[in-house]
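First subunit A sits with subunit B, and in the next complex the same chain sits with subunit C.
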Partner chain A sequence: MRLTEDDLYRTSTQYKHWSFTPSQLAAQRRTTNIQASERVKAAVARQRAQRSLLDASASESERAGSGVENGGDTPVRVDKEVNCLTVTEEKRLVDVFCARALDLGKFLKFPTEVTATGIQFLRRFYLFNSPMTYEPQTISPCAMFVANKVENHGLPLERYVAVLPNMTTDKVLAPEYLLVQGLRFNFQVRHPFNGLKGGHLEMIEMARGNANLLPNAEKTKEQLQQEMLQLPRKPNGPAQSLSVAQLEKRIENAYGFASIVLKGPAQLTDAYFLYTPSQIWFTAHLLADEPLTLFYLSAKVPTSPIHSKIISTLRSCADLLSSHSSYTTDQISKEEKVAREKKEKEEVSALIKKAKHCRDPDKIDLVKLNLAQKRDAVAGGSLEESKAKRRKLEREGYQKESDDFWGPELKKANGAKVA
Partner chain B sequence: MSKPAHRAGGAPKAAVDSDICPVCKSSRYLNPNMKFLVNPECYHKMCESCVDRIFSHGPAPCPIAGCKRTLRKMRFREQTFEDLKVEREVDIRRRVAKVFNKREEDFETLKDYNDYLETVEEVTWNLILKIDVEATERRLRQFEEAQKAELNPNVARRETQSDSSAPSDASRVVLKKGATQRKALSASSGNTPNPYSSQDGTEDTGFTFRGLKKRTAPEPQKPFDPYSGWSVEPQFYILQDDYNVEWLTQSKNDIQHLAGGYNIKDFYSQALCEAFSGFGVFIEDEIVARDRQVSGDETLATQMAATAGTGAKDVRMDDVF
Partner chain C sequence: MATKVSSSPAFSSPALSPRPNPPGPSGRAVPKAKALAILNATKSPAPSVASTPGDGGMDLSEKMNDEVRRQFVIGGRLGEGTYATVYAGHYRHDPTSLVAIKKIKVNADFKDGIAMDAIREIKFLSELHHPNIISLHAVFSTKDQNLSLVLEHLPAGDLEGLWKNGSISYTSADIKAWSNMLAQAVWFCHENFVLHRDIKGNNVLIAADGTLKLADFGLARSFAEPGRPMTHQVITRFYRPLELLYGARHYGGCVDIWSMGIVIAELVIREFFLPSETDIQQVHMITEIFGTPTEETWPGVSMLPNYLPIGPSGFKHPLGTSYFMQRFPLLGADGVELLRGMLTVDPAKRFTANEVLRHSYWTNAPTPTKKEMLPKAGGGLKAMGEDLKRRGGEADTGRVDKVARKLDFASMVQ
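Take a look at the complex of A and B:
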């Protein structure tokens, strides 16, 4: 029973649950959007009905009373139809917060994998949940923290919270279970970074003329090396004759550029949903040095039917990656860049403002909701207090009962430190 | 063996007889705790203290007049049945049943099985009635050895190799017997050919039964394979022993990495595997094909949920809040 590398990938959750065709992806986003907006509208309508009821009774019973509490923390006060986010706006919002997460990772000096995993968690979560229901502002610190744990980086929560402004441990932990469930407990994200390193190693060896060849290879090592030295710089360009050292330099440059693409555009687009990590790093390398990558590819898959298929897949992935705004930033003039950034900033702040107005009122305070799920929750103020007291008494009763039966808890030795 | 039968003349005499040790003549009347023991070699009764006295220093001949069998203390025991004849028969039957442990399903036909049972009964009665005991015993032992050899051919081979100096089957059996008997037997069977060893050179198994299915030894256990037969065979690359790039030299020679048991080759194999893992997986084709296989139920469910809209709960997962 033999497995190929592809079979290994097919066993991953990334392939099983988090790979989609473009149309599936769009359909899922549409579904999520419809469900979320219906929910928001229903919740807002319910709240308004409640408030008008309250207002009516208040005005009748205590006409003198001026300061009636009428849902002070509800964001929707204007009685007009809720203007929900569209699918495109939702996606844009998520993209914005993914970009911010990237900056957050840089700020925290997280390794590339940690940041990338956090971003993918966000993208996966918002595929089935709408930013209208759960604000990205609250989810993204949590996603980064979970990624930090998943990728074994091990930054403690206290230090993590201390670094971020306006952050408490509760705020980070409150959406944790929600997020993890939204990820369907699939924690592993397969990244293209290591694959790029592997490909780079092989290309270097090939340039030196001692790469191991596949059994069905048509050329010898030396032939490969010679052809590689003569590769044109640009597609359809004139042939070159580089020295081995120059060729190695070229491969290293390509690696550097490709890894920038992987850390930026590859993270901020849907690439992970639509392509496999192996195809993504190949694409990044293709964008970096096309003749070199195509040559390497043909050495691997010499003109079999899958060769053309791979090329077309890589091309479409390349279109996706190069279409992202972060890909082209260094190719345009400075004024243009500034203007574009300014325009983007305005758009984004308008979008966030709009998102604020169509928040699901039931899901605003996640910390409180999370607390309410736990025991001794005093969510409703004084009314709940008697309940909490009763629960506490009950618990003490159980404790006493079990102590009578099993004997009391062992006393800790004096002076033993409780960490 | 016939003695107890002879003595059982009358009830009162038998009662008195069983209360007096035939060796030391002490009676139970004086020692209520006295216990009588027998040895399955000759089934002569004697009291516990006599056994201790006579056999504590090793095997000794039976003290009963006319019986010269060598007895060992270890094999003395209390008798289970009042009648020593029954006691002996039970012992013999147990021993024979241990060797002839075939069942009906071991035979081709029912008739073969019945023939086998017939033979077994014949052997048993030969032993009980002391007809042809020597030969029967030997055949029994040969059969037992043959059975063992059939189950475990390695043991048989090992034994025949070590026994090359003593080729006859009988002499091997003799080794287990007492020294005096061994001498006597080797003297007697020294030059007489074994009547049961077959002439054509094939090994004599004591008994042969028609229709007895050949037993096959169970397969020897294979070394444990944690991957239960699965292996990874890359199709796009062949791993090299070493890759020389600048950015790896530091970790390659890092004493901390080495001390921790980190092997740079693991990095190579992982990096190369990840480089091509999913290379030939075309999501667009495969996912569609897969989903079509899963059947349309799921897509239908999501469509319904989308139209239902206010259905509040997600279809795919419960909302925790």
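Take a look at the complex of A and C:
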């Protein structure tokens, strides 16, 4: 009885709900952006209308303070419109917070997959929600905490909150339902880390002459080993003649580089949405050592249309991963890097500033919103009747007590009433 | 290597429309609201909606959640436990397609948000699709922030109820059929790198057509990275293998295999095989039959934190084949061999799920009974309610206490 990894992967929620073609991904982001922009504009307009009723002068200064707008109709006419984030800016902002989540994970000493899951939760959440509606600052701590639960890491909330500045348990938990709903209750994220480890071990065995051969393979284990020892360093480079120990070192180095790519660029780009975990780890390995990776691939997948299709997929994934700014190769000089980082920093702070001006005013205080929602549930009758009734009785009890001449009864520490 | 096919995502957003569905009682008329939304999208937006105070409109994900929720009609309550309340239900479009809706209760003792049981169950059932594993049709949340799991409707009770029901008689072929379905479920979990960690008779439910379905993934987890510790406080005691009782924190699928062996044994003898009141007693029950493990029979056992070299009643020798043949006559010689393979105390020597399925017992005579022909009790809806509401690690037999499963998230490495 055998199941191929493809079979298993195709039943995963990651494949069914969180895999996209580039155009699907772009379309989804557009939809989210349009909806959020309209909502922000409507909410701000409503707020302004209310405010102008109350205080004409306050509304005056507000108008002067807001940015320019490129047109489009709004339900309520105001002179100056909110300058909403564009799709590109939204994505950039999410990327920035994913990078920060990566740092947070390092700071908390989370295992790689916990941090990676948290980051993917953020990316998934913001495919259907805009950072204008829900600030990444508020969602991010929650996403990381849920990842910590999902991946069984077991850091208790109390300790989690204690190490984060200005953080409370309420702040972490307030967006939890919002988040899991946005994740469509799909908690499992399939990562490329284990695949890389497996491939690495297999390459080491191959180098030692213990390759696990395909049925009716053309080459023997020894032939594979010999060819592997002669692989050029660079594509189209001269043949080498390494010892087994040197080859093992080469494989180790490739693994080291590839895991850095998986922990950085693979997390901080759309790689998970566009490629499968196996494509991602192969790509990371390809970026690390192309001749070695292609050799390994050809030993696993015989030359066929599939083989070339895989290669072209890996190449496009490689373009994506290597385009990320955290992807550093020897080509970039130190000065260049410093300059780039400085420029990025400026751009990011401008972006965060802009985002502050187009927040959905209805969704700023998630803690309050969360409480209000629970309250609404009672009003709407969706709470179980018995529960609502009990709460009502309790409330009435309190009110009655507090109306007593001497005020409500005092409680002892153990909760028993003073007799 | 999985090649990506350009799949269209499963959601169909009704709209590029920013217009929320109008609030109020009309909320249930989905098709109408949808049509409206599409209509609005093409025209300039209607100002009245946006100016509704207090209604921030619906998020895309909120809308998706609502669409899921509206697919189901929730019926009467089937059972209520500490962990969840279970309701009968059916698809709105087809009242004959029944489901069970498990509404997770907010656990006041757990301060860390959504309970781990719920997260685990949702996480794994969303990924595992197998005829012998209970299927999760959908998950949705309600306004009062409760999660509801829409599960397969399994009205015919569970395995424990089956052997306890004196009015049902069954044969070796029936036992083989049931055992095989369970073995396939466990194999599939392990093939997906999932440990169930709470296999027992009343977590194996029976569908109307006689198919067995492994349920309750509230204690499940993925295989740990080699070297990373897990908790040993899992699996209801009667079904807990010796290595966990000895406090092992590194284990694999073998723990589930032991539990499965016990479940099959119970099915044969129609009583609890290794009942006990305490963990110490459980160790005693196991060693009485399987012998006191030593470094010779189980290399490394003395390194386990709670290892007791000699039990309260002295050193025990393992019982031989004749004991098993006598105790489990319905299994036959090959079945007994398989059972002993599953109930091997040294986890390294215990059968893997794959080895279990490859055993000749399944292909030898008698042929397993076809599932349509299997005897059934018809435990009814209530029984399913009882089964689903339980929290992992609880057994509700008269003879056991509610097992104090200390899966204390705050103080343990899971």
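The rule is simple: the second predicted complex is superposed on the first by the 343 of 419 C-alpha atoms of A that agree within 3 Å, B and C clash if a C-alpha of one lies under 4 Å from a C-alpha of the other, contacts with A are read in each partner's own complex, and residues count from 1 in each chain.
FYI, contacts are C-beta pairs under 8 Å (C-beta built on N, C-alpha and C of every residue); 3 or more make two chains touch, one makes a residue touch a chain.
Everything numeric in this text was worked out from a predicted model, so none of it was measured.
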Overlay on subunit A: subunit C relative to subunit B, clash or fit: clash
Touched partner set for A:T13, first subunit B, second subunit C, both or neither: second
Which of subunit B and subunit C A:N212 touches, first, second, both or neither: first
Touched partner set for A:V244, first subunit B, second subunit C, both or neither: neither
Which of subunit B and subunit C A:L366 touches, first, second, both or neither: first
Partner chain(s) touched by A:V163 [first = subunit B, second = subunit C, both, neither]: neither
Touched partner set for A:T313, first subunit B, second subunit C, both or neither: both
Contacts of A:L173 with subunit B and subunit C, given as first, second, both or neither: second
Partner chain(s) touched by A:G199 [first = subunit B, second = subunit C, both, neither]: first
Partner chain in contact with A:Q279 - subunit B first, subunit C second, else both or neither: both
Region of subunit C that runs into subunit B when the structures are aligned on their shared chain, from 3-11, 93-101 or 309-317: 3-11
Overlapping contact positions on subunit A, where the subunit C interface meets the subunit B interface: 1, 3, 5-6, 8-10, 15, 19-21, 24, 28, 30-31, 34-35, 38-39, 42, 128-129, 177-178, 181-182, 184, 274-279, 282, 301, 306, 309-310, 313, 362-363, 373
Touching residues on subunit C, where the partner in the complex is subunit A: 1-4, 6-11, 13, 16-19, 44-47, 49-51, 53, 56-57, 59-62, 64-65, 111-114, 116, 119, 122-124, 126-127, 129, 139-145, 147, 187, 191-192, 221-222, 225, 228, 354, 357, 409-414
Of subunit A, residues touching subunit C in the complex: 1, 3, 5-6, 8-13, 15-17, 19-21, 24, 28, 30-32, 34-35, 37-39, 42-43, 45-46, 49, 73, 75-76, 111, 128-129, 133, 145-146, 149-150, 152-154, 156-158, 169, 172-173, 176-178, 180-182, 184-188, 274-279, 282, 301, 306, 309-310, 313, 360, 362-363, 373-374, 376-378, 380, 382-383
Of subunit A, residues touching subunit B in the complex: 1-6, 8-10, 15, 19-22, 24, 27-28, 30-31, 34-35, 38-39, 42, 128-129, 177-178, 181-182, 184, 190, 192, 194-202, 204-205, 208, 210-214, 274-279, 281-282, 300-301, 306, 309-310, 313, 362-363, 366, 369-370, 373
Sites on subunit B touched by subunit A in the complex: 229-240, 243-245, 268, 270-284, 287-288, 291, 302, 305-306, 309-312, 314, 316-321
